[in-house]
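So that you can tell them apart, the chains are marked A, B and C in the order they are listed, and the count of residues begins at 1 in each.
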Amino acid sequence: MENVEKQIEGLKAQIQAVDKKTTESKLSMIVFSGDLDKVLASFVIATGAVAMGMDVVMFFTFWGTPVLRKKGGKASGKDFMSKMFGAMLPEGTSAVKLSKMNMGGMGTAMMKSLMKKKNVASLEQMLEMAAELGVRIFICEMSMDLMGFKREEIIDYPDLTYCGVAKFLEEAQNSRIQLFI
Amino acid sequence: MENVEKQIEGLKAQIQAVDKKTTESKLSMIVFSGDLDKVLASFVIATGAVAMGMDVVMFFTFWGTPVLRKKGGKASGKDFMSKMFGAMLPEGTSAVKLSKMNMGGMGTAMMKSLMKKKNVASLEQMLEMAAELGVRIFICEMSMDLMGFKREEIIDYPDLTYCGVAKFLEEAQNSRIQLFI
Amino acid sequence: MENVEKQIEGLKAQIQAVDKKTTESKLSMIVFSGDLDKVLASFVIATGAVAMGMDVVMFFTFWGTPVLRKKGGKASGKDFMSKMFGAMLPEGTSAVKLSKMNMGGMGTAMMKSLMKKKNVASLEQMLEMAAELGVRIFICEMSMDLMGFKREEIIDYPDLTYCGVAKFLEEAQNSRIQLFI
């Protein structure tokens, strides 16, 4: 009889373990885009999810990578291609543009002034909020390498990891929500 | 002995509850894009999923918002910026354009005529089908506010809710499939 | 007593079955985009996931469809529209362009030479790798029909299926990760 009780206890623990997996409240996002509107959307989702108690991971890759550069950040020892990419891609959150209706920068400026007026946080403020709330940021090493970015050019962020796609997939596999943005 | 039987019954119920969670057949989509091709894809997925017995939620945000405007819908009391956005963004499903090969509208017109010829439902028909099948539509309040859209400008749809990102995430958390389009 | 033991065994099996569902390691991707950068990202994710032991399904639709055309592939009996689409859309992996900074092809050429230099596999190599690793490819029949592509124009790939959205959703429903690219 005692044996049966023990087995039942064991089963209960197993059920709880499985249940935890189904409710594990993690969100993983791939931020592939470097457009103001999409990056903004990714931070609205990220900060909203953390506020709801979810664990959030953002994986910045390709066009998303330059968004995390410091303004005026410099790095030595760059080859010609890296310098060209460095010059052509937006330098951090403040240089990011709308995907549509940019109109030579006018549309982007309009959107930013509108956001201010309507009390929508700017990308800079969103990033700060994300840092405070504990959103984890991953940066794709392959993208850094391809675009010739050096780590000293990237912003200071409390929870920032350089990694490959495998590390992201590991997180995504245990997430309830995954998005490619 | 009776006690053990009861406990086993309890475990069975728990396992069923966990199992239900893993199979809950819900699909949540963020429709961020306002391009004809992408919005079309989102409705093909949405109606396909409902037809398979899934519960479907579409969350329209940013460029996706104007797609749900009424044609010729008017609203009073708009400021200058809102009027400008109103004029520049597509007015409903019939004004939406291809993301590529639009070619001054020719590509979009070609695609629409092709769809008709090949018996692919138009965006207007898709929306009607979605309404009939019970696809739930959420509209992002922040986008409405940013773009200066008023509720009287939005189409009549049976199951339409204005909400924030938190409400969407709640749905997404309990969904088997989540997509950002 | 024997009865109880049997019931406990039954419960264990049920728990394992539910657990398997929560950990079923499948990834489903919709490759909607036909841009070099995005298609590349989708293959990096796909091959990375298979290498981790996941089962991977890629569903090519809309602009993603022409990426899978053979170079110089011909098909007879095409109408005017199909011929036009055929001529305007990229003919396979080698003709695919960057979504940004294409600059009349220069940006795309630069990116390709960079990838070679940095030992990042090209799209052609990725496709080969995907085939070897057992990534399953689905092609959207509606897109094939809309764009007027014939099956003889599509590349030879070991595990290739023509299907509709329902078949994809079936796979997605049993996947841990789903992405729309």
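As a convention for this text, a contact is a pair of C-beta atoms (placed from the backbone, for glycine too) under 8 Å apart; a residue touches a chain by one contact, two chains touch by 3 or more.
As the structure is a computational prediction, the values presented were derived from the model and not from experiment.
Interchain contacts join each chain to each other chain, per the touch definition above.
Homomeric contact chain B/chain C is classed as different-residue, with under half of its interface positions used by both copies.
Between the CA-based centres of chain B and chain C the separation comes to 24 Å, rounded to the whole angstrom. Counting partner chains per residue, chain B shows two or more touched chains at residues 4, 8, 11, 15, 18, 22, 178-180. By the touch criterion given at the top, residues 1, 4-5, 8, 11-12, 15, 18-19, 22-23, 25, 27, 37-38, 41, 44-45, 48-49, 51-52, 54, 99-101, 110-111, 114-115, 118, 120, 176-181 of chain A touch chain B in their complex. Within the complex, the chain A residues that touch chain C are 4, 7-8, 11, 14-15, 17-18, 21-22, 30, 32, 34, 61-63, 81, 84, 88, 142, 145-146, 164-166, 169-170, 172-173, 175, 178-180.
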